[in-house]
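Before anything else, here's the structure in question.
Labels run A, B, C and D following the written order; every chain starts at residue 1.
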Amino acid sequence: MNTFGRYLRFTSFGESHGAAIGGVLDGMPGGVPVDTAFVQAALARRRPGNPDLAGTSARREADEVRFLSGIYEGKTLGTPIAFLIENTDARSADYEALADVYRPSHADDTYEAKYGCRDARGGGRASARETAARVAAGALAQCLLSEAGVSVYAYTERIGGACCAEPYTAYDLTQVYDSPLYCPAPAAAAAMQAELARCAAEGDTVGGCVCGLIRGLPKGCGEPIYDKLTARLAAAMMGINAARGFEIGAGFAAATMRGSAHNDAWTGVDENGLLHTARNRCGGVRGGISTGEDIWFRVAFKPIATLGQPMEVWHKRDGLKKQAAGGRHDVCCVPRAVPVVEAMAALTAADMWLACR
Amino acid sequence: MNTFGRYLRFTSFGESHGAAIGGVLDGMPGGVPVDTAFVQAALARRRPGNPDLAGTSARREADEVRFLSGIYEGKTLGTPIAFLIENTDARSADYEALADVYRPSHADDTYEAKYGCRDARGGGRASARETAARVAAGALAQCLLSEAGVSVYAYTERIGGACCAEPYTAYDLTQVYDSPLYCPAPAAAAAMQAELARCAAEGDTVGGCVCGLIRGLPKGCGEPIYDKLTARLAAAMMGINAARGFEIGAGFAAATMRGSAHNDAWTGVDENGLLHTARNRCGGVRGGISTGEDIWFRVAFKPIATLGQPMEVWHKRDGLKKQAAGGRHDVCCVPRAVPVVEAMAALTAADMWLACR
Amino acid sequence: MNTFGRYLRFTSFGESHGAAIGGVLDGMPGGVPVDTAFVQAALARRRPGNPDLAGTSARREADEVRFLSGIYEGKTLGTPIAFLIENTDARSADYEALADVYRPSHADDTYEAKYGCRDARGGGRASARETAARVAAGALAQCLLSEAGVSVYAYTERIGGACCAEPYTAYDLTQVYDSPLYCPAPAAAAAMQAELARCAAEGDTVGGCVCGLIRGLPKGCGEPIYDKLTARLAAAMMGINAARGFEIGAGFAAATMRGSAHNDAWTGVDENGLLHTARNRCGGVRGGISTGEDIWFRVAFKPIATLGQPMEVWHKRDGLKKQAAGGRHDVCCVPRAVPVVEAMAALTAADMWLACR
Amino acid sequence: MNTFGRYLRFTSFGESHGAAIGGVLDGMPGGVPVDTAFVQAALARRRPGNPDLAGTSARREADEVRFLSGIYEGKTLGTPIAFLIENTDARSADYEALADVYRPSHADDTYEAKYGCRDARGGGRASARETAARVAAGALAQCLLSEAGVSVYAYTERIGGACCAEPYTAYDLTQVYDSPLYCPAPAAAAAMQAELARCAAEGDTVGGCVCGLIRGLPKGCGEPIYDKLTARLAAAMMGINAARGFEIGAGFAAATMRGSAHNDAWTGVDENGLLHTARNRCGGVRGGISTGEDIWFRVAFKPIATLGQPMEVWHKRDGLKKQAAGGRHDVCCVPRAVPVVEAMAALTAADMWLACR
């Protein structure tokens, strides 16, 4: 099932070292202006080899998106928008040695168990390269959301032990991509750079957290019961490579709180008639349905499994075996995950918005 | 969308104070033995007024399940299994005062925003009463899973500040429902009882965590990309009332770990040819696909919003207004959430298993 | 997959001689007035033993619908509407002899092939009794459609050799259920009565055709490509028991026509700006999307397979075997299929309307 | 919804005169050998300008398929198979005059009603060019079916008044594409050629019928109730451009038959234990589930709406207006519809087979 969404459906394709990756976005209304430069800019932020991001892979891809359908004279037609991104810097020789081994904490063995085969070149479909297609689709979804007055943001909150000191409300999220490591808190960003440098020096990797925000989604979007907005958003985020946890609003902290402290006290209605709360601890969703306030959430990412130091792999024939790490890999996936979290939030919000408008 | 699952599809219905709640489970293979006593026992564990569970609602429901179809001579037919549970102790008079007010941290206003109307009696469809239908369906899913050699467990890990000291591997999860508060760690359970007593005395409520486990799901189940087993499980859990966070394996702790510490070292293959890891930090899922090892995860629940003390509600006409809490409510939802987490894990595992068998 | 529809989803359940049949209708907007007497009246038209319909089964069912959820103070809540119809006149003894045999042109053997088992009592889930649930759901859909100004009709056009002489435009379809055999053409109805009498006398059965009409569906409903309104309607109709063919507009006759004769000449726009055609040969759908004109179509039904004369069944052990027909069966399914065609058209139209409003 | 199928999901994209058309086929198992020459050959049969097919459009497209993903070393990976076909001979100048007019019996006005806009170049997405993507996907599905021992065939049965004299069992369907007009009955083919010549001379078009056959689908595939194999197949066929009717087995003829004549008498079990019938009038499906016998059906196509003579179009500003036909069009869509019917049958059969294997 390589399709995401119910009303706005995104189907992606592509292996890391195949001919191309790309996708088809179906369900966009007709007449939506498409800013292709915005799509291209979003791709640039996630691109391997981005010189602004410390600790990213040395693989260099132009990541130029080519639209094949669904856009005519700068606007959507309502028909499927297909696009592709050619794989140009695919050095599969790096990976040949990996065909017979299962790397620790990778999906090598599980893909083989499921499909009976595997494209071992660069992780095949399991590679984070697939997320480029998500970013392009998310940027298209943002073209729709901006018509609807909905904004989506994400930023690096934590890398290892280095973490933003304040909640999202303290930062100007419109400038995230101008900040180092996509972290809007300068002090935290400096600490993160130091953490990454230490990891790189030790041939190690590190995990972290991304915060996400959906602002302006009208009240009443989402579904109660199994398909709550919280559930859909959790699935969107946990479907990102290396995601290990999701929380919304007060999240795990709510588990240790009293109801009297956690409850969202009403503060009154604003000029648009929207009822507000003092601290929005519910994270903008009550009973699975949007409240009209900010939807804020956090995603935890594990450290990248491929280290810059030898690892013990499992060889199909020989069993345990020491192997030097091949390929070109990041020290931490978190900064590059920021545009991916943003994209998945945009696809989720657009899907929900289409369902309830 | 009141349907859960793709291959094993559960559609539920019912308002808290309507005629009945229930559901239709579609997609069960034919010929599966159905243990109706097991289904009834599962319902008893979640039942309001369960005398074994401190701090639960005084509402008393027999919660007797009546099967309407899909079972013949003790076995499934392959056709939809419909069941209902009559609402017998529905005292709607308790709730009449609530028709014009929005309680804090409830879904009163969001349901109205979405549907333009609301059944204010006992929270209507937003009531946790709906989870009884999940528990019955989950027990049916377990009838299928037990044929497949898959087991599902859940237990209370935390209530407020009281928490199990060890990971799930330290406990005998087959005896959870014999332990107080469904917590297998006696010392932690005693601390939880104390915490609940303090809350009750103060007219307050408290949050907590439930741990879940799926054991025996064959390697190769699940889907990569958007529909990862992690994503499906996260959606299943975040769709439970009051859930605020989900993590799998090392979860949020992975965000502060180094790759060298987080990576799952291979230990070798067992007698069935299954490849094992030292610590299964990935939580039994790699690349969205089951590894064949234990799938373990945690769900955070917020404190119940209805307190035993007056709350400031929003009255549609009069604005902010002090109101005494009506109805009969729990001090903490966590113990009663245990069979619900188990049920949703069973439905998810059965759905995944059907897709890949 | 016992669910029909994408936005308005109807999930049904029940075996012919089980405890009950029924369904869950999910996706209805909130606040729609529900006319339960209208639902009950629709069920009465399809009821076995309806004294107004020649040639129907002698089975007598009250077919009283009980609503369990989703309706409050006479209006929909937006939550799932569950209902059930108890099976009261289930004489399973009639069918015991059938457990080991496969009747010709029945689904006995195919159900067993698919599920590995079968409820042989009265055909189990394959029985036309299941269509009562469709009729109830369709009547609920009509409650929504009537708010939207959409009407749905169906009538008996043909029974064996007896057929209406004129197209649907010649008849007053609002009075169909007052006419004999639900046929609005008196002469044809008389010929049909004679045909049924002959069949009954000979212990035989006969096929026929039902015409259907959706009026008032706004222009622009439906989806191009795979999910055309024609495709969805065809699936809805071919999913009815005993349906063997579907055509829309000029249908099969179009295969022998020239384009110059088949093309729909424009006649101009009406006072609402709707563009009209001279003869609407396309049947109200162009490119899979509604034109705003009448959507008219025809469904062919095969003769009922259970005859009033001995049949050669296949006995699992003994092979070919002469067996007297058991149970109580109709001579022709067509009149009772009329409310079922209407119901499926209503469910399809409501689903399409919800998707495009 | 530009996606077809539930287990084997095909999502297509592309406008007639956009950059490219193509699709993504998701759900193929891993390890299936892909015969790309077979895919290319299938496309050649449907290609405009095919010199073997009388009465086809003069548009010339290489229709060369480029695979982008999902295939590695000649076999499927289990990941999505994406492909594209560039549009090379798109002469949009032909169509500029059409931007402000609605042609009779086209989807010009309905697309605009649905999407608020339209790509008027060559019919945009409503063009039959889209069916090339279906043919490529169907050929991929056949790669899977051939592993499963399932064969799919289609042929031209009727063009206007010229029709095959015998049922499908009289012809060698393996040689269809070697016969003129893809009609295996030489006398009928000659009559069809004459009919096409007459139409062409008169600047007219004509309708016709395609017969389809699925052979070897195991008994027990399909779903009862709403999702019957008959319903799925009907939807697949009615979703093809210009399809107006569908029937299976005895089809509409069953409406005038007696049960005693229509019933399928059992003849006994074959060497594989499959139970056979004398005449398979049910068309290989009983109760929505495959019987293991041939699944045979017929699709009616209306005459092509664009004539070689002036037509009266509706101009948005000027109303009725005589206009010469632009573009390059076929006299009859039926021969080129043959590979499309085959493709949709293959996609349907493969989807059903994956669901029940």
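Please note the rule applied: a contact is a pair of C-beta atoms (placed from the backbone, for glycine too) under 8 Å apart; a residue touches a chain by one contact, two chains touch by 3 or more.
The structure displayed is predicted, hence computed values, not measured ones.
Undergrad: Over half shared numbers or under half: where do the identical copies chain C and chain D land at their interface, same or different?
TA: Because over half of the interface numbers appear in both copies, chain D and chain C meet with the same residues.
Undergrad: I'd like to verify one number: the distance from the centre of chain A to the centre of chain D, where each centre is the average of its C-alpha atoms, in whole angstrom.
TA: Comparing mean C-alpha positions, chain D is 39 Å from chain A.
Undergrad: Where the CA atoms of chain C average out and where those of chain D average out, how many Å apart are those spots?
TA: 27
Undergrad: Whole-Å distance, chain B centre to chain D centre, using C-alpha means?
TA: That gives a centre separation of 47 Å.
Undergrad: Quick check on chain B: which residues sit in contact with 2+ other chains?
TA: In chain B, the residues touching two or more other chains are 1-3, 12, 79, 111, 114, 125, 224.
Undergrad: Just spell out which pairs of chains touch, all of them.
TA: The complete list of chain pairs in contact reads A-B, A-D, B-C, C-D.
Undergrad: Please output the residues of chain D touching chain A within their complex, sorted ascending.
TA: Result: residues 1-3, 9, 11-15, 18-24, 26-27, 29-31, 66-70, 72, 75, 77-82, 84, 111, 114-119, 124-125 of chain D touch chain A.
Undergrad: Would you pull the chain D residues touching chain C in the complex into a rising list?
TA: Touching chain C: residues 1-4, 6, 12, 102, 104-107, 109-111, 113-114, 125-126, 130, 158, 160-161, 199, 204-209, 219-228, 230-239, 241, 243-252, 254-260, 262-266, 268, 275, 277, 281-283, 285-292, 300-307, 309, 311-314, 319-320, 356 of chain D.
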